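Each of the next two complexes has subunit A plus one more chain, namely subunit B in the first and subunit C in the second.
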Partner chain A sequence: METVTITLKNAPALYLEADTISPDAFAGKTAAKIAELPVFEGNVPSTLGKYFEVSGDAGATAADTKIIVKGDVKKVKYIGFKMTAGELVIEKTADQYVGAWMKGGKILARGDVGAFAATAMKGGELVVEGNAGNYLGAAYRGDWRGMSGGKILVKGNAGSDIGMYMLGGEIVVNGNADVHVMTHAEGGKTIIKGNAASKLGGQMVDGTIIIFGSIEVMMPGFKPNGEVELEVDGTKAKFAHFIGDMGERHKKKKGVVVYGNLYKKI
Partner chain B sequence: MTKTVTDVICPFCGTLCDDVECVVSDDGKQLLEVYNACVIGTEKFLHSQAKDRVTRPRLRQDDGSWKEISYDEAVEYSAQMLAKAKKPMLFGWSSTNCEAQSVGNEIAEISKACCDNTAATCHGTTLIAVQDIGLPSCTLGEVKNRADRIIFWGCNPAHAHPRHMSRYSIFPRGFFTGKGQMSRKMIVVDPRPTDTAKMADVHLQVEQGRDYELLDALRVAFKGEWLPDVVAGVPAEKIREAADMMKSGRFGIIFFGMGVTQSLSKNHNIDAAIAVTKDLNEYTKFSIMPMRGHYNVTGSGEVFAWQFGFPFSVDLTRGFARYNPGDTSTIDLLIRGELDAMFTIGSDPGAHFPISAVKPIANMPSVCVDPHLTPTSGVSKLHVPVAFNGVEVGGNCYRMDNVPIDCRKVVEPPEGMLTDEQFLIKVRDRLKQLKGVA
Partner chain C sequence: MSEYIIKNGHVFDPVQGIKGDKKDIAIKDGKIADKVSSAAKVIDAAGKTVMAGAVEIHAHIAGPKVNLGRIYRPEDKLFSCTPTKGMERMGGGASIPTTFKTGYEYAKMGYTTAMEAAMPPLFSRHVHEEIRDTPIIDEAAFPVFGNNWFVLEYLKNQEIENTAAYCAWLLKATKGYAIKVVNPGGTEAWGWGLNCLTVNDPVPYFDITPAEIIRGLIEANEYLGLPHSMHIHPNNLGNPGCYETTLDTLKLAEGYKAKNKFGREQVLHLTHTQFHSYGGTNWGDFESKAKEVTDYVNANKNITIDTGNVTLDETTTMTADGPFEHHLTGLNHLKWANVDVELETAAGVVPYIYSPNISVCAIQWAIGLEIPLLMKDPMRCYITTDHPNAGPFTRYPRVIKWLMSAKARETQINAFKHKDKVLSQTAIGTMDREISLYELAQMTRAGPAKSLGLSGMCGGLAPGMDADVAVYNFNPEKPVANPDDIEKAFSRCAAVFKSGVQVVSNGDIVSNGNKRTLWVNVKVKDNPQVTRDIKEKFIKYYSMTQNNYEALGHHFIPNPYALEVDAT
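On to the complex of A and B.
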């Protein structure tokens, strides 16, 4: 695997839209060619090389390419946009849309990521060592097909609207989560190791939410359904089980109605 | 001698009352009296006659004072600002007519700007919810003639849309609602005992920020499922009573306002309210309608959607329309420092945005096109006063139920004043020259 290191040298005055920072766009290019890739600051078209110092050539394919993003990129959007393979390491805090619409490969964000990270993710892995913003692994506006595969791990806290319209895949948040988890979800799993605020699983059709900490306010549509012993991420514990959202439509499998599941550690 | 102009449209709120009468002087230059409008609407008409009205553009000087300039100079400043900016914002549009909005969209396209209307701080969340789940709606005429279950959720028409209840929703005697108020049941959901709530048959005093839970509880109640004893501060029996009252009507309507669109959960509240409406259609006929504020905010959404495909918060910086509130919405853009020029028209962000979003406006090239002196004109570099829409110039506008209505010109604007549309056309043409667009 070949490694390309890009280091921010000229910070943008406004924000930079750099949807070309991905192994797919870099693949098969030399450092000089990578520096020519287009980026936008507002309505001004520019090149990656104007803002970043590029060193190292990319591999022949995305899968053979690893990108290391250095420098203060908190005003850079769309890093890892639509990536399908390869690796991407972001050393510091990045802005919105990290790994949005990603299908494969691996992103490691050592700082925080802004809102809309892993929007409509289909596959791959996103690890965030800091905090994630709102709409982590959520659907794009108006789309009923949210995250359908892949894995997201946030070691810090996450904002609101995690996994909206989620269909599959897994989201793990080691810290706390803000309001609205898996709204409208029809599949997938979200694990929150810390505390959750409220409005969990609103309008949920199917899917699983597991909470280790407290829940500020439960949704009225979630009905108590006894207790169960579960092993989650290597931890064995007793969980209170709820099913819902009872107000929402539900599918039948083999004649039995399937509800969304919410487990809260006792 | 005076003359009376009848069937005037009131350009204040989204109710667009169309029965206003104005008494004007014989030469048509002075507006003397206004009949039938509410106090706010009357004030809007009469304010055009203010003696201290600003009638020429003013440019702020380095020492903070204003210098009167000509409209041509104002056009030059605006066009230069938009031509140079990397990410300008054209914000407002809700208190101007559709013709001006359409010219504004041309300017946005030429200057590759962001454009947004006041829905961003109002019913924009409604539009997000509509994109998520759809909207079973109707016209206000249907409400007047058919509705016997009226729900006001997070809105207070007694003060914000003063003639709404008398013209459409509660008091009028319609074709199938011959007993007027007597033939209707009224439910108000509001954390406060407002003047609207005091009139209600049932007032659900929901806990602040828990509308989403209460809406979900209603959906559970329709299905007769298990409910906790108390949801959002409302006892389960009361929720079931309200649910039964909704189900038992012949035609119901949910009107909702900023109490739900801009409180915790925002678009999800509306999403759930629309789901409630859909559920109710299994038992009876039910509709839902946002109580739009500015008289033509609905029209702005229509014009944006017609020309760009999205109803607000449109980003054209890359040469094509993109949309994602949170990224492309004005307050977020201002607070995050993403903009470098601000063009405001037909709205007052200075009075309605958080201060952290208003401060950046004062620090960047900025234009405020507004007939009034507002907090926005106060922080902008250039203030361009224009003729009053709906009073001194007509034009198309949309009522809150998406019915287009043509506004009327009642009086002449002060000598030499331009309308929104005339000013925008001049800016557009100058911008075309600067950008070398044919």
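On to the complex of A and C.
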């Protein structure tokens, strides 16, 4: 695997839309060619090289390419956009849409990530060592096709509306999550090791939410369904089981109605 | 104004009966001319196809319903935005493009005139603001009449003269072009939570049937002598077995003859015929009845149709058929928007994915192609996608490929997941007809122009007609190596002229042209009763005053072109 290191040298005045920072876009290119990749600063077309120092050549394919993003990129959007393979390490906090529409490969964000990280993610892995913003692993605005595969781990806290319209895959938040979890979901699983706020599983059709801490306000559309013993992420514990959202339509599988599941550790 | 001469192209013009002969087309002062001076700019069209600018007879491209789609589907713009480029402003949207993108995309494919197929009269100002902001193409809008309280009340008492006077007033007030009917009576019934699924289902409260509304509006249309005929989206759209309602609807036109000075011969235009040609009793035994419907249309010369081709895309359905959209959201569980328009109409919007892996969608695709392939007279059958309902208009080149190449159809049939079902429920697999370029010019130019009463103005290349000309990178003398070459050629024109101004060069927009809004100005005898009824309805029912209702002046219609009709 070849490593390309890009280091921010000229901070953009406006937000930089850098959807070309991905192993797929870098693959097969020399450092000089990578510097020529297009980006937008606001609505002005520019090149990656205007903002970043690029060192190292990429591998022949995305899978053979590792990118290390250095410097203050909190005004850079779309890092890892649509990536299918390879590795990407972001040393500091990045802005919105990290790993959006990603299908494969691995992103390690050592700082925080802004809103809409892993939008409509299909596969691969996103690890955030800091906090994640709102709409993590959610559908794009207006769309009904959210995260459908892959894995997200947030070691800090997550914002609101995570897993909105989720269809598959897994989100794990080691800290707390804000309001709205897996709204409209039709599959997938979200595990919150800390506390959750309110409106969990609103209009949820299918899928699973597991909460280790407290839930500030429970949705009225969820109905108690006994207690179960579960092993989650290596921890065995007793959970109160709820099904819902009773106000939403539900599919049948082999004649049995399928509900969304919410488990809260007792 | 500049002169041009388009030299040595293969010209296809049904208006003059030209079938691919090498001819020069001269342009002077915005019109096709016999000859031009030696100063004329030469466009080399050798080895290329030359046709008149194409005419769109039915699309939803402007107004509140389209804009509702844009507002509630931001995801439609995802990855479909184009930045500013040369003359072009930025645009976006795949199934519901922005106004600018709409104008550019039509022009790049060689379309120079387009009809907005359903204008809610109350929101005509919005419709005209969007038409104004759609560059290049001439446009007109059809106000909807089939669920309008005035019409229902007058026709209940068979008052044709009053209906006609009201239609004339509304066309003028909204700067409308034709009498459009959507699910006659059914949309009004939806206000009571009901629908009209046959032409004999009574409309609640008004106690009138769709059949009476349809006949009455045909009579009012011919009483006035409008350029276009009554243009109908019948009852029972999109349901298995709906073809019977369609045939019942078409039979209502029997005995009527067109009366107008515009050269129009039909009294009824059936739109998006594909959605109305379904047999079967449920989605399991769903089948094509394209033959039954086209047999009837072939035998009855007072009817024209458009196709409504399914393009197998993700799109946005939108119609004044409110109950249908409610039914659709129940089927696909995708987001639904619904609007009521006071005394006049309603609308619904639901996204839809025509997946090649779903047998119903594949059968719909086949029915849409069977219809034009079964029509004997291409002058009476026009290509549409009922944009965006069956697919975006930007897919016309692909529909043309499927119509011009049996091989392209075969490739698509073989790609379907439920190929056997498509072959057993439709006759598409047995059809080897390939539409010729001349027939294509009939279906997309001369035909729709004639049906709209515009045959003296556009859709042909005879001297004196508007200089709307499209030049395609398609050599009719060379065999088509790959059907995809057809799609490519019809996607981006080598050159397009609109009213004598070159608007497209090598696929790029080079001018915003001189876009016009067409409308129909009908003079009728003074009708104090109708005048009083209008005044009263505004006082009693409408949420706005009559002065705020009418679309007037430069702000709404900066460049009007009125077709004058005298019905006094």
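By our rule, the second predicted complex is superposed on the first by the 266 of 266 C-alpha atoms of A that agree within 3 Å, B and C clash if a C-alpha of one lies under 4 Å from a C-alpha of the other, contacts with A are read in each partner's own complex, and residues count from 1 in each chain.
Heads up, the rule we're going with is that contacts are C-beta pairs under 8 Å (C-beta built on N, C-alpha and C of every residue); 3 or more make two chains touch, one makes a residue touch a chain.
Predicted model, so just to flag it, every value in this text is computed and none were measured.
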Checklist entry - Should the superposition on subunit A be reported as showing a clash between subunit B and subunit C, or a fit? => result clash
Next on the checklist: Quick one: is A:221 in contact with subunit B, with subunit C, with both, or with neither? Answer first, second, both or neither.
Outcome noted: first
Next on the checklist: According to the stated criteria, A:135 is in contact with first (subunit B), second (subunit C), both, or neither; which is it?
Outcome noted: first
Next on the checklist: For A:202, using the defined touch cut-off, is the partner it touches subunit B, subunit C, both, or neither? Pick first, second, both or neither.
Outcome noted: first
Next on the checklist: Quick check for you: in the superposed arrangement, does A:144 touch first (subunit B), second (subunit C), both or neither?
Outcome noted: both
Item to check | Contacts of A:184 with subunit B and subunit C, given as first, second, both or neither | outcome: first
Next on the checklist: A:90 in the overlay: touching subunit B, subunit C, both, or neither? Say first, second, both or neither.
Outcome noted: neither
Checklist outcome for this item: Per residue count on subunit A, the busier partner among subunit B and subunit C is B
Checklist entry - Of the listed segments of subunit B (62-70, 80-88 or 134-142), which one clashes with subunit C in the superposed model? => result 134-142
Checklist entry - For subunit A, which residues lie in the overlap of the subunit B contacts and the subunit C contacts? => result 43, 140-142, 144
Checklist outcome for this item: Listed in rising order, subunit A residues that touch subunit C in their complex are 43, 45, 139-144, 249
Checklist outcome for this item: Within their complex, subunit B touches subunit A through residues 85-87, 111-113, 128, 131-132, 210, 212-213, 216-220, 222-223, 225-228, 231, 264-265, 268, 271-272, 275, 279, 316-319, 323-327, 336-340
Next on the checklist: Taking the touch rule as given, give the residues of subunit C at its contact with subunit A in the complex, in rising order.
Outcome noted: 72-76, 78, 83, 333-335
Item to check | Partner subunit B, residues of subunit A touching it in the complex | outcome: 13-15, 17, 40-44, 77, 96-97, 115-116, 134-135, 140-142, 144, 179-180, 183-184, 198-199, 202-203, 217-221, 223, 245-248
